[in-house]
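Below you'll find the structures, each written out as structure tokens.
Two complexes, one shared chain (subunit A), two partners (subunit B, subunit C).
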Partner chain A sequence: MKRFFLISFVSILIIALVLPACAPQQKDVIKVGVIGPMKFLEGEHHWMGAQLAADEINAAGGVNLNGKMYQIELIKADSNEILSPTDAASAMERLLTVDKPNFVVGGFRTEGVFPMQEVAMNYKTIFINCGAATRALQMKVAEDYDRYKYFFKGTPYNEYYLVNSDFLMLGMVAATLKKQLNITDKLRVAIVAEKLTWADAMVKTAEATIPKMGMEVTGVWRPSDTATDVNAELTAIAATNPHIIFPTFSGPVGVTFSKQAGEMQIPAAIVGIVVEAQKFGFWEATGGKGNYVMTLNTYGPGIKITEKTIPFFENFEKKFGQPPAYTAATYDAIYIMKDAIEKGQTLDADLLVPIIEKTDYQGTSGRVMYYGMDFDAKKYQAPHDLVYGPGYVTGLGLEWVDGKQVGVWPALGIGSGGWEKIDYPGIQPYVINPAVVEKFGQPAAPAAVE
Partner chain B sequence: MFQAFVIQALVTGGVYALLAVGFSLIFGVARMVNLAHTSFLMLAAYGMFYTTYRLGLDVFTAILISLVATVVIGLASYKLFIDRIREHEVTVMLITLALATIFQECMVLAFGAHFREAPTLIPGFIEVLGVKISYQHLLTIAVVAVVLVAIWLLLTRTKLGIAIRATAQDTEVANLMGINVSQILLIAMGIAAALAAIAGIVVAPLWVVYPYMWMNPLVMIMAIVVLGGLGSIKGSVIGAFIIGLVEAAVVFYLPGGAFLRGAIALLVMVILLVVRPEGLFGIVFEEERL
Partner chain C sequence: MLRRLFKDIQGDIFAIPGRLIAFIFLITLFFIPLLTQESYILFILILVNIFVIFAVSWDFISGYTGQINFGHAFFFGVAAYTAALLSKNLGLQPWATIPIGAVAATLAGMLMCLPALRLRGPYLSLVTLAMPLILLGVIKAFPDFTGGEHGISGLPALAGSRMAEYYIALVAMIVSVFIMWKLVDAKSGFVRIGIILHAIREDEIAARATGINTIRYKLLAFIIGGFFAGLAGGLYAHFLRIAGPATLDLMLSFQAIIWTVFGGIVSIYGAVVGVYILFPLMELLRQFGVPVWPGSDIMFSDLRFLIFSFLVIIILLFMPEGFAVWVRDKLERECPRCKLSNASWRKECRACGAELH
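== the complex of A and B ==
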């Protein structure tokens, strides 16, 4: 019996010693943390964008670091920031202490990204924010460069530029209404924005700018971002008889608002930022009542911003069965990091930061470059924020027309300062909501007789 | 503007009233604060979404399936988890909250945390005094009226209603009089779940269907029920219209602070409760109960 136990013990010992040697060697990997609200579409698209980039890079051999090819390994972290921004910091803490990624991409809501930024900076880890617009996040880099230099923007450009694009879209819609409906009166605009940090500056700017654009503001409504019924707001807005409703929504209220406005056939053109309308599921979520809602977006079907846009869009749709949302810009963020690592031949965050600062990358949504510490605050620039405007990242204005997202802005010949020269293949004319035509359409004035 | 405000107050109040009646009924009968009440609304809303948009069934079949399924889930929840601990009020609250969270996570697993739509039962709108009101909102108000009449008839004109009222007044005496209290409570739970399901079917098309849609209304409904007087159906309906009036007033006369409408409505509730702690139609003695 003793002999049996001895033989068994020795056998187990041998197996225990030999097995690890037989196991496949762990590959050289670069770990990338992908953090976002993973139960929601924004987080899912953070993950999908990253997955597409990682698959492509790995299939092409990986990242070349000191002559060795490293595979990209993605680590998913659920920040739950849509429901509870306070969960975001602990999710980032866990990601950085347990999984120890080389860098992190993701983040969505400003209220969640602020605490995540603090944690990432504590661990001196590069964090590319692919969701929150707020310029104040980038201004941290200016306030304390040594601490916050690891923080970069992936998407979108900051809220002041969002407002600028918003105004350019508004201007285009206003000009179209005036021209096509022969409206000679001053156009009336109702501002409606959810009560969240990022929207505060946008509302303030809108109140000041719209009158300068020759239009009248009929009022400002600030529902909660999770309001389940905005019938009261819509009734109040309709009572002011606006030609245009200028929304700023990132939360579910965007669906509620669009759906109820469609149900009540509010005769006003809806143009602005409705994050929910950027998603392919918007049509189903509104039961088709979100027709003619126009929103700022990043990608659109069939619209070519750079050589990479359409292949990215099509590969994304092929792989995941749905078009990319703007948070799928984790795709570009990972490529930017790949380029930086290969240029610097290092994974040291302190050495990578100056290389990323000099990024000049043709991404899927435009040419990606970053403002430096010599940023111009008067122009709302911020360090490590995306360079905005014609020739860089511009965004797209997409309108829902009969169940399809149609790119309508930027349009050739519309705007000034270089915007009028932008000619993205795939852009189509803006379609006016028939309810607006019925209410405000006037017969064309008879031609003057000479 | 004023007529728009009044009509809107009625519409909002009507929606809240429909949600509050079932919550109030189950508290009145079983002294049970059922925090899962609005999650039954959410389940019914998902039922409508799934049966119509995914299975392609017609609306009437969808209503029937959603209603029956929600009631079955409500009854099963009561029998399996609540019945044996129903006398421990705090435990009941915790269990029902846990149930709501479980239902929510089940929906996340099944459908993701995406926003969906429940089909509008009557599309379109009508203009009243220059104010557009969707037929779905009007349907909600009509359903509130029908539900209230039906509940009143049930409680006052039927043997079952007398048994429910007797159980509400004194469980032990009702038991001694030969009433099967356990069965009555089960029936009351079934009625409450059905009311939540009806609310889900008529109100959900106005809202957005998603797994967390039960949270916001729960807070407002609890506030309405407390304001009206715990367990008083009449109080709940009047409380719902007061809250609807306050919310509409905030949106119309303080549009920049529209996001505060819930908070201000709750503040009004607090002020009223300070003046009248038992609520508008709350009872001091059990004999006063309907």
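== the complex of A and C ==
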């Protein structure tokens, strides 16, 4: 028995060592490393987005390089970065030194992307970050251009712009409530954010900005990002009688909060960042109690941001049986690289960098362009980060209505600074929670008799 | 003199299979960069060497004193953050930040252990478990200073090339393990700490009854173990060029325990063997993208934690003393008369001639 286990152990080791070397060698391919937490939804969608792009490009003949058509070959690397940044660094090291891809897309958790970035820059390999918002990652390019110039953003735009979009959504909901419910008083807003650093900045900004928007802050609540019970916070929030709850949740507390708020039937509109509400399983996770929760997202069903959005969304759903998460923007990243390679007719990273810097590409979530080294730090820009705003990448506000995600923001005619002019086909009017209508709705003023 | 040195080596190393294997293993490690320039292999081996220091320091504290420390990552994290802060704010280089980080880990550990060492058993373990969590709370409370959950990144590299980094980690590992091994050597004529720690582990009350200040020695074990765990933390931060909350992760503390118990607790070399087998094995399993059965969506790599756990359980079931200790017991036999180690195939003791079978 003991001998059997020993032989089994040694056999596993030998097979593990020998098998990867037995893989057949292919020629005329462009190798793309797809790195992400492959056991988690974010990593799965990195892979799915990349697969869709590779299948489409290969079916269309491939990438034209020096008159020859090259097929895209994807290499999957599980970074396990959500659990271990050490694993992320070693996965990137293996990817770059053993599999030797021409470029890499992926990355999700900032603490994992930082060491992956260092490894990729050591090998002067183009790495398009398709998951971590943190601006500090892009600011590395500004700090040491020669070393970090190979690092680009795929998605999402940085956290300062996430905050900006969040307030624009809040403004839209506030305007809708005031108009449709004839509320003449100041709207009251309860701020609730998970106890994580990235949310600290959001809370500070919200406390300063909401009064300037003509609303009153009723209080700030900071549950843990992994809290499994927020009844105490919700009871306290309900006692302040807010019209709007403004959440900032990236963790699983988003489900807990939405579910318990629904169970308690708190008559307040919930609008903000709830990452869990971006996922298609949110409705089941909340047992249908997450109705009318509105969150910032990248893609939405039936919403046409560009010509590519709906075909991408539908093909993705058809192929994988679920809608794309934002990390599926590896799809765009691979197309951007294809364009750059065909423009430059090279695979040399140093020659490709200036071409990618000049990218002007209609992607699935908007027009992709990059800030250059002449970026304006006061406007929170960063080199090789996505250009943000109307006409470029904006994001979407999605509301859960009776089990379906409905696009409700940017809303035509509501907002300012050019956002009020954005008209994405498929955007529908914001639906006010009936409990809010019941509690705060006032009869409309009688029409003037002529 | 050379002849005498050779004779000593022949008697102390070549005559004892376990030490001979260790000797060949060390020599091989020195020549690995000459055998392969594969950066990924060196990358993994650097991490292995760093984690060897970390795991051995856990064995030094917990194995030898019996004070089960569930928060060993505390020392690792304190040193990693100290090195990162010194590097970022004062521009110090790794040769300065790593030792200072290790000293900081020692001091922080000492301060935290003063109340903790008044406790014993599960109560002590719970206090140690809380240490990295408290520090994690502090780090998240001062994000402007500590980088919050993103950590402090962009630290200077450990060295200019992968090979240089490899040799730094290797030498640091060998020196650290050797020092800790000599310190706990119960047969040492120079240092008494080894036999005292053994006594504390076996029966703390009896040790105290003989006049040993057990708290002082336990504190000493925490200081020394903390220093080496801190050394590992500093090396890690400069190698990955980031010090983040993951350096304080509970899983990291538990990994030190798993590695050590797998190899063989209270042996020092057991922790070395544990890390050298389990860390690369997990890495191999992670890359093992072969379907469990033809056409299956489930890959062997998906089951790596299951395979890992199964393997650890099997090893501990059949080799309860640990894998390295089991191998040593198969290869070596202690002389019943003079207590000297002999190769298991010898019939008579190589020193006193006593019959071994």
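Note that the second predicted complex is superposed on the first by the 414 of 450 C-alpha atoms of A that agree within 3 Å, B and C clash if a C-alpha of one lies under 4 Å from a C-alpha of the other, contacts with A are read in each partner's own complex, and residues count from 1 in each chain.
As a working rule, a contact is a pair of C-beta atoms (placed from the backbone, for glycine too) under 8 Å apart; a residue touches a chain by one contact, two chains touch by 3 or more.
Bear in mind that the values here come from a model prediction, so they are computed numbers and not experimental data.
Enquirer: Check the residue A:A239 against both partner chains and state whether it touches subunit B (first), subunit C (second), both, or neither.
Expert: In the superposed model, A:A239 contacts subunit B only, not subunit C.
Enquirer: After superposition on the shared chain, which partner residues are touched by A:G281: those of subunit B (first), subunit C (second), both, or neither?
Expert: first
Enquirer: If we overlay the two complexes on their shared chain A, which of subunit B and subunit C does A:K195 touch? Say first, second, both or neither.
Expert: both
Enquirer: Looking at the overlay, what does A:K259 touch: subunit B (first), subunit C (second), both, or neither?
Expert: After superposing on A, A:K259 lies in contact with subunit B but is clear of subunit C.
Enquirer: For A:L83 in the superposed arrangement: first (subunit B), second (subunit C), both or neither?
Expert: both
Enquirer: Going by the contact rule set out at the top, does A:W221 touch subunit B (first), subunit C (second), both, or neither?
Expert: first
Enquirer: Applying the document's definition of touch, where does A:K39 land relative to subunit B and subunit C: first, second, both, or neither?
Expert: Touch status of A:K39: both partners.
Enquirer: A:T134 in the overlay: touching subunit B, subunit C, both, or neither? Say first, second, both or neither.
Expert: Touch status of A:T134: second partner only.
Enquirer: Quick one: is A:G417 in contact with subunit B, with subunit C, with both, or with neither? Answer first, second, both or neither.
Expert: Once the two structures are laid over each other on A, A:G417 reaches no partner at all.
Enquirer: Identify the residues of subunit A that lie in both the subunit B contact region and the subunit C contact region.
Expert: The overlap between the subunit B and subunit C interfaces on subunit A comprises residues 39, 83, 195.
Enquirer: Quick one: which bits of subunit A touch subunit B in the complex? Just the residue numbers, please.
Expert: 37, 39-41, 44, 82-83, 194-195, 219-224, 226-229, 231-233, 235-236, 238-239, 252, 255-256, 259-260, 263-266, 276, 281, 284-287
Enquirer: Which of the residues in subunit B end up touching subunit A in this complex?
Expert: Per the stated touch rule, the residues are 1, 4, 7-8, 11-12, 15, 53, 108, 112-117, 119-120, 123-125, 130-132, 134, 136-137, 205-208, 210, 212-213, 216-217, 247-248, 251-252, 255-259, 261-262.
Enquirer: Looking at the complex, which residues from subunit A come into contact with subunit C?
Expert: Those residues of subunit A that touch subunit C are 1-2, 5, 9, 12-13, 16-17, 19-20, 39, 76, 78, 80, 83-87, 89-91, 93-94, 97-98, 110-111, 114-115, 118, 134, 136, 140, 143, 195-198, 200.
Enquirer: Going by the contact rule set out above, which residues of subunit C touch subunit A in the complex?
Expert: Residues 38-40, 43-44, 47, 140, 143, 147-151, 153-154, 236, 240-242, 244-246, 249, 251, 281, 283-290, 301-302, 307, 311, 314, 318 of subunit C touch subunit A in their complex.
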